[in-house]
Amino acid sequence: MNKWDQGARLWARVFCAVLVALFFAFPIYWLGAISFKTADEIFAYPPVWVPASFDFQHYFSLFKDGAAWSVWNSLVTASISTLIAMFFGTIAAYSLVRYKTGGNHLAIWIISQRMIPPICVVFPVFLLFVAWDIVDTYYGLIILYTAFNLPYVIWMMRGYIQEIPLELEQSALVDGLSRWAVLWKVVMPMVKAGLFATAVFTFIFAWNDFLFALILSRSDVVTFPVKVTGYFGAQSSLWSKVGALSMLGVLPMIFVVGTMQRFIVRGISMGAVKG
Amino acid sequence: MTTSNSFADKLDQERWFKYFLIAPAVFIILLIGLYPFVKLIVVSFQNITMFDDELSYQGFIHYERLFEDDRLWESILHTVIFTIVALPIELFLGFLLALLFLERIPYKQVFVGIILLPTVISPIVAGATWRLMFDQRFGPINQVIAWFAGHEVKLLWNIEPILVWPAIMVAEVWQWTPFMFLILLAALSNVDKEQLEAAQIDGASWWMTFRKIVLPAIMPVMFIALLIRGLDLFRVFDVVWTMTKGGPGTMTETVSIYAYHMAFREFDVSYSAAIAFLIILILTVIVIAALRRMEVSR
Amino acid sequence: MPNLKIDRVNKFYGDVHAVKDLSIDVPAGEFVVLVGPSGCGKSTLLRAIAGLEDISGGDIALGERSIVNLAPRDRNIAMVFQSYALYPYLSVYENIAFGLRARKTPGSEIKKQVDWASELLDIGGYLDRFPRELSGGQRQRVAIGRAIVRDADLFLFDEPLSNLDAKLRDGMREEIKLLHSKLGKTFVYVTHDQVEAMTLADRIVLLRDGVIEQVGTPLDLFERPNNTYVASFLGSPSMNFISVEVSGGGTSMTLPDGQTVAFGSSQFSGKLAAGNYLWGVRPEQLSNSASSESTLEATIEVVQPTGARSYASFNIGDAHVVAELDAHAVNTEGQKLTLSISLDRTNFFDPVTQNVVR
């Protein structure tokens, strides 16, 4: 293989990579474009490829309508539930790994919880929430997301904790640290990367959830996916609002991918490799 | 000076500690996991509808109804076909992508970042986006096709029966191929380089190397990825909901949408519970069969 | 069978000049060992010969044809890897047959070759087992089997014994040497272990930092090293280096502790100009029979028995010296001995250039 071939191959691959990236990015671009187009531009034929100007009017209308609150709701429920799930999930994972608590059965049961389709449990959960009077509250959604994400957190962190050599903890114990201190001062720092990756995914799951939010919120804590579907009517849809609100929901994700890409990549790859 | 009981104390302490660690998580999961599951089964044996609140044991009538319900089986058919078609496509495309990015590429991170975007956005947004893209008059898809066809094209992607499923498939594949891509990329990168070099020196063609060395090496990971995605596809709801809400009519109704419909539109709660149970049963069977195969191959 | 010619090969990794203008001629059928510490460029050179790495400049030729621009599969070479690189999902038989199958060899021919190779390496018993069921030594043999079953012009070995434990290594060394004499092919063998180099090689190429320090037969390098690096690399325990001052007439030298050693009738007498030198003396060149013209006094500090011989360490001024003596000659710390020196076998080195002075 001489230098010529290598150079040509590289360029061919870069070209393909660009095409591929365009394919995956274009729809999102289109969505963004719609959010900035005027009504005329949106309903223009042939379609307008680039909006004439960055008109933020649709975004402003969202804030005026109060629809923008849905993004805030998503943020609150997703982040708090992620924190709680990460905390309890990680220590539970530690218990599973180091003490083999409950043996294989407990571990299998926990993992099987992840397989349950939301559609199957959504009604009973709804009844439960009605009974506790937490429908359409932050508490409700947070508890729900936490409960749903815990199995995932436990599964992932279990894998990461398993990689830590036992000797490290043992030498800390010999040095006089309590078990709790070992968990926080020795184990946690070592799985930092795993923590981040798992937290990112947990957050994304909760952020993007639709079905639970649909059933378990009414108007107070409506999250943005639910709100977006609300704009699709039988006759005409408020495309501009769909575009703008969706973009508001997508932007945090763009931010996450931009900054946490390493963790996302590792999270997805690890998840399967450790399966 | 240690007391004679300190060892026993230590053991107790440890036991207490490990339960203490896992208890909150188990508690929360039980709360939201176990109760609904039990309630589901119970409800499926009762007769709760919009009008009725009959809590007495009704026997298996709902389960019997499952067998006669054509719409249910249609939805299962839709779901199965959807899964069987989308899964290989995602696998194949993901594989091609992984091959593309396996060797050095400048700005690899940027490319991967962009490719990742569809997977991290809400399926609702994905569905909404493609619905807009496929709009028959104002969407860019028809416009691009028109360029190639040379004349105006008015494909009713969101309504025309033959076109609806392809449209949904496109949205689905667009969103989840990157997932397969990442997993396959990781698996391919982990193939032992020395084995590949030995194969090079032995004179094996690319295909032979792939078939005998690479494929067996990535099989376990690929299997897990297929299982995870397969289960997700079977449970699909969000993306179909935004694009067609199961329509036109019930053409694109998946099993999840049907169950939702039964529970929250017709309020035939008990029946929907039976459906839900059926879904769980099917999924469990698939998972167990898959796990069995994995154990065997070990 | 062609000979291997490496001509002024250079290899850069970015800014790092890993292989610097190397030239080696390997006649057909020779067992040549590339030896040196890690980072010296030996593996890089081997991989370049294999075609797994490109070179930045120079040429590599097998016989008449240059192979530098050929893909590995077209070079007609075979290679044994350090971690064996066996195909885990193929049986031992299929592993060995892999290269033959790749070249579309008919099944009957494959069977003949595989049987021949497995007979030679004594692995006939587990042809249908899988690599993970085999021990390290067995896997190594399969890796060698895979290499020899094709009729390659050149056999490359990349530290094949490094992953084996010591006992196994000794046995395998012998087998590899035997294999070479049976096959008669050209072997290029890379190792960092000087014992392997000494015992296996027809010729040794000692590398440091991408440059050849010396080429020659094992005994050549051992007895007539070109510089202190070569001298200290071969032999265990390694050569002692002592700063000495040669007297005006070149008839004696003064050791760091003030002792004088007479040259007597040795070849060095009168040949060395007066001045400072690094005197290189191997442990076995000191013995406790005082029957030589050149002797030195030593106060033993540490004794390490190894069976028939013992290593006795002592200090001469700042210099730490190890002597290899008969086990019964020395047994206590503090013992004072007079050691005789086989002066003619020792070497003198220029303390500044580190080169040998002949």
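In this document, chain identifiers A, B and C correspond to the written order of the chains, with residue numbering beginning at 1 in each.
Everything below uses one rule, namely that a contact is a pair of C-beta atoms (placed from the backbone, for glycine too) under 8 Å apart; a residue touches a chain by one contact, two chains touch by 3 or more.
All values reported here derive from a predicted model rather than from experimental measurement.
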Each chain counted as touching subunit A and subunit C at once: B
Chain pair, A-B or B-C, that carries the greater number of C-beta contacts: A-B
Chain centre separation in whole Å, for subunit C relative to subunit B (CA means): 58
Inter-chain centre distance, subunit A versus subunit B - centres from mean C-alpha coordinates, in Å: 15
Residues within subunit C bordering two or more other chains: 71
Residues of subunit C that touch subunit B when the two form their complex: 50-52, 71-73, 77-79, 81, 83, 85-90, 98-99, 101-103, 146, 150
Footprint of subunit C on subunit B - complex, ascending: 192, 194-195, 197-205, 208, 212-213, 216-217
In the complex with subunit B, residue positions of subunit A that touch it: 10, 13-14, 16-17, 20-21, 23-25, 27-28, 30-31, 34, 42-47, 49, 88-89, 91-92, 94-96, 98-99, 101-102, 106, 110, 112-113, 115-125, 127-128, 143-144, 146-148, 150-151, 154, 179-180, 183, 204, 207-211, 215, 224-225, 228-229, 232, 239, 242-243, 246, 249-250, 253-254, 256-258, 261, 264-265, 268-273, 275
Touching residues on subunit B, where the partner in the complex is subunit A: 13-14, 17-19, 21-22, 24-26, 28-29, 31-33, 35-37, 39-40, 43, 97, 100-101, 103-106, 109, 111-118, 120-126, 128-133, 137-140, 143, 174, 178-179, 182-183, 185-187, 190, 220-221, 224-225, 227-228, 231, 234-235, 237-238, 241-242, 256, 259-260, 263-264, 269, 272-273, 276-277, 279-280, 283-284, 287
